[in-house]
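See the structures that follow.
Shared chain: subunit A. Partners: subunit B in the first complex, subunit C in the second.
== the complex of A and B ==
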């Protein structure tokens, strides 16, 4: 029983990291109508921005802020310079996936050329270990969970209680109608890329903090679990992404407790496949704030 | 019409004969591996992962080629041909390695030899290289190559199972632990260690507390660490490359409140592994808790001194090259290239089918052979009609009938600067004893 309670605790941290990333990813899909395959590589790049700041002598928390700003900026540039022009030309969904894949390869290889292939770590202490019964977490891990809860609340308030949030929902539902109603959809899309890019940057750095060691190639690993959580919850559904993160995060850790660690990801993806068979639109489709795009 | 056709045919026949003669002259000037233009470069192909989870391996092998090329080119090249080093990335995956190998062979007619071919891809690429008559010095430790019929395959590193026996030997025979945990990555190269390690632990009377196969590159292994701690091991035997060991050991340190002694495979004796793990757990923790087995290189002697000097000079081409000065795979592959170059000089040929058999003769020596330590000295001796035995940076070679060479292990630990120091030894006899106990 002890190992399962410990695993549950570790799953909370995994869930927190995945949730921050998955919510941003799914909002990009829901509002901007794009499967951004470069998301994981932007996460990795943002983690290295924090690394650079941290290794220049600053606290990792300052690095975290820098990575958030970097993620926001690079995501906005990526959309304005690459994705939006192709979308304006009427490129098909499949075509946009290829464009996003190309962006991912470019970012990952440029990052590799700049930082090299070595695995690196932040200069930070994990803080004291906190025992909550059989659940054992470091203070940094508790901070990651608190950040994730704060981000989820922030996203909820944004989408339900702000004008921008309402504009995002309208743009996601029907961009043409939203424009007709006077909503500046272009600026809304820019805001979406800034906000989701910030989430991407944040997710990259907390993932790197949690794993203690990361490299330029870490991006693809991040993307797989984030994609799984987003699809599980319902593409374009932020609350679905949160639920998907809970399921994926806990399933991976509990399966590692019950089975060989080799099956960690296998179990998570088996759950995903089962849900897709039983409910292909995802767990919270049409129940969330945003509807699935396209 | 027939007459004119015949007339035309006759005309073409004479012109055709002239054309054919011209073509033959051209071909004899340009074609054939022993008829190359004397200053055309020969290529050493470095076939290894340069990207992917095992991306740390390729640079170590590139660092072997650069000083070898300098040594050879400064002594006039091989039969007048300079040497070039060229990388071919396998990404550590057979699915990428096979096309990379075929592309290398198709696009490199002046391919002299190949170095690298790690456990990630060797099973797939060695048959292709052998079929194409490409001499290779491979870093794979897979047991399928212990007694293989691949005539162009050469290995200066021991089989993985011997690495595994050495790790168990350190734990049980030298350090007298009897509760051992195995933590290895689930990649081909790392998992090769597990069955012989399990067999050896059992046969030597120790207890295997847990055997974990880690999926590489995961964000966290805390649950796996908790499971390991629950079995109360005295020592952990490990090889999980990339960020995996760094993440795992950092979480072990957090959850255990300190380190458990670690014995790493020879692959963990690597500047990249040291950098990743020391950054994650702290240099002091790594230095105090870690040992590994490694090939018994002495890091001295005239062959090593030349290697080290040329490696330092290679920093202008590859800034990290000097980091590999005490990295046995780099030393062994450097020796492999020099040996092959001397084989070409001894055979007086750039035809791979002609000089390949000379590699073993140069490595083991023949009766009355003079020992040489550098390429330049080897060429001079050969030009004076002497038989030679090359003893290089990694020490003497002892090829057996399957072109494998091995000679016991040393036990090393890291210093705070990331260099290694020898703290013990396992003789080949001890390894053979463990192997026989484990039923090999």
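== the complex of A and C ==
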């Protein structure tokens, strides 16, 4: 029983990590109307930015901030330089998937060429251990959960109570109509890529902090888990992604306790396939703030 | 030098079969099968375990299922069948209810996970180490190291290429091919004309899967090795790059792409001097593949040999 309780605790951290990543991913899908397959590799690249700063002697928290900035910057550039021009030309959804996959290939291999294939980890102390009944977490893990809760609240407030958030929802629902109503959709899309890119960078570094080691090749594993959470919740729905993250986070950690940690991604995948067969629109298809991209 | 030539020809043949097969799915029918490489893998594994002795042989240093030691054409035929059979359940899951870009993502995920599973379940197909010492076809009757055998293998490969091409051309030029193109161009219009889209897609999944599996069987018989590292998902992207460069929808374009991208890239980098750390050139090769796809999609989306514009008789 004890092993499942501690697995439940790890699940809380996992869901925090996945939620940060999945909300960013699903907002790109919902608002920019694009399945950004390079997301996992941008996460891995951001984690390495934090690694570089961390191993230069600075605190990991400074590295975390740098990775957030890096994720935001590179995502904006990726959209401006690559995705947006193809979308303006009227490339189909399917064509965009191929473009995104090519981008993922390029980013992951540039990263590989720079940092090499080895597994690395941050230099940090996990801080004092915190006991909550049988659930044992390190201070760093608690900090990750706190960050995730803060980010979720922030996204909620952004989408519901700010002009920018309302403009994003309008752009998601109907970009042409939004433009005719005087919403500067190009700037809104830029803001979306900055914000989701920041989430992506943050997710990459906290994912790396939460795992024993990471490598240039970690990106595809990140992508699959996040895809599973986003699709489970209903692609394009931020609240759905949060719900999906809760379910996938716990399911992967509990199954890792029951089976073997190698199968974490397999469990995420099985959930993904079942959802795709039974309810491809996801759990929260009609309830979310954003309309599903058509 | 002659051995180099025969190796090159066999690799080229394998890539041509794979590209023509994926062209039927992606170029002609508009199916973005990002899991294409698992069909090549299933063919390679099937051919391997059917032609290898039971896994207790060779001191039992590798573990795998079956090990039936069947004589030559059977493993290749069984591999072809296995590729087609595997396409049915995967196709039924992926093709029925999902929007086309979801289908592509689902196939990508299936490809990554299948690789993870085979890597982690060692008794199934020897895990990450993969299978080695796969006997070459007819090696009990012929000396598989001789030059004559190498040329025989090239001839067999060319024969398979020709067979696949005949089938592919028949499909592309038939009324059935026209239906497939209609589905690619406008799914709803094709459906409105009473075409059963799922049946069309599933058929192309099966045909393409069989051909891909055949290419895997040819490859494993020649190199004698097959491991999860041989079929990571980026390998599928290489074949996509070949078709996009060559000209999608055009079988000749697919052949040209196969010769330019997988074969050309491998051979061109073989002669580069070693610069930087050992992993640098392969990484840059992948970057180049990515840039090639993006560049062609932007500047020449129809490829070097575009699909010919087909005219219906009577059209002005």
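Criterion: the second predicted complex is superposed on the first by the 279 of 294 C-alpha atoms of A that agree within 3 Å, B and C clash if a C-alpha of one lies under 4 Å from a C-alpha of the other, contacts with A are read in each partner's own complex, and residues count from 1 in each chain.
The definition used in the following text is that contacts are C-beta pairs under 8 Å (C-beta built on N, C-alpha and C of every residue); 3 or more make two chains touch, one makes a residue touch a chain.
As the structure is a computational prediction, the values presented were derived from the model and not from experiment.
S.K.: So, on subunit A, is it clash or fit between subunit B and subunit C?
M.R.: With subunit A aligned, subunit B runs into subunit C, so clash.
S.K.: Considering only the touch criterion stated at the top, classify A:253 as touching first (subunit B), second (subunit C), both, or neither.
M.R.: first
S.K.: May I ask you to decide whether A:59 touches subunit B, subunit C, both, or neither, giving the answer as first, second, both or neither?
M.R.: neither
S.K.: Applying the document's definition of touch, where does A:98 land relative to subunit B and subunit C: first, second, both, or neither?
M.R.: Second partner only, subunit C.
S.K.: Once chain A of both complexes is superposed, is A:117 in touch with subunit B (first), subunit C (second), both, or neither?
M.R.: both
S.K.: If we overlay the two complexes on their shared chain A, which of subunit B and subunit C does A:262 touch? Say first, second, both or neither.
M.R.: Touch partners of A:262: subunit B and subunit C.
S.K.: Tell me the contact category for A:276 with respect to subunit B and subunit C: first, second, both or neither.
M.R.: A:276 sits against subunit C, while subunit B stays out of touch.
S.K.: For the superposed three-chain arrangement, which subunit C stretch in 152-160, 188-196, 206-214 or 224-232 runs into subunit B?
M.R.: 224-232
S.K.: Pick out the shared contact residues on subunit A: the ones touching subunit B in one complex and subunit C in the other.
M.R.: Shared contact residues on subunit A (touching subunit B in one complex, subunit C in the other): 112, 117, 260, 262, 265.
S.K.: Going by the contact rule at the top, pick out the subunit A residues touching subunit C in the complex.
M.R.: Residues 35, 37, 82, 85-86, 91, 93-99, 101-103, 105-106, 108-110, 112-113, 116-117, 220, 224, 227, 231, 235, 260, 262-263, 265-266, 269, 272-273, 276-277, 280 of subunit A touch subunit C in their complex.
S.K.: Which stretch or stretches of subunit C touch subunit A in the complex?
M.R.: Within the complex, subunit C touches subunit A at residues 30, 32, 34, 93-94, 97-102, 104-106, 108-110, 112-113, 116-117, 120, 233-234, 237, 240, 244, 276-277, 279-280, 283-284, 286-287, 289-291, 293-294, 297-298.
S.K.: Under the definition above, what is the set of subunit B residues touching subunit A in their complex?
M.R.: 50-53, 55-56, 59, 186, 212-215, 217-224, 226-227, 230, 242-243, 246-247, 250-251, 254-255, 257, 272, 275-276, 279-280
S.K.: Which stretch or stretches of subunit A touch subunit B in the complex?
M.R.: Within the complex, subunit A touches subunit B at residues 2-3, 6-7, 10, 13-14, 17, 112, 117-121, 126, 129, 136, 138, 207, 210-215, 217-218, 221-222, 225, 253-254, 256-257, 260-262, 264-265.
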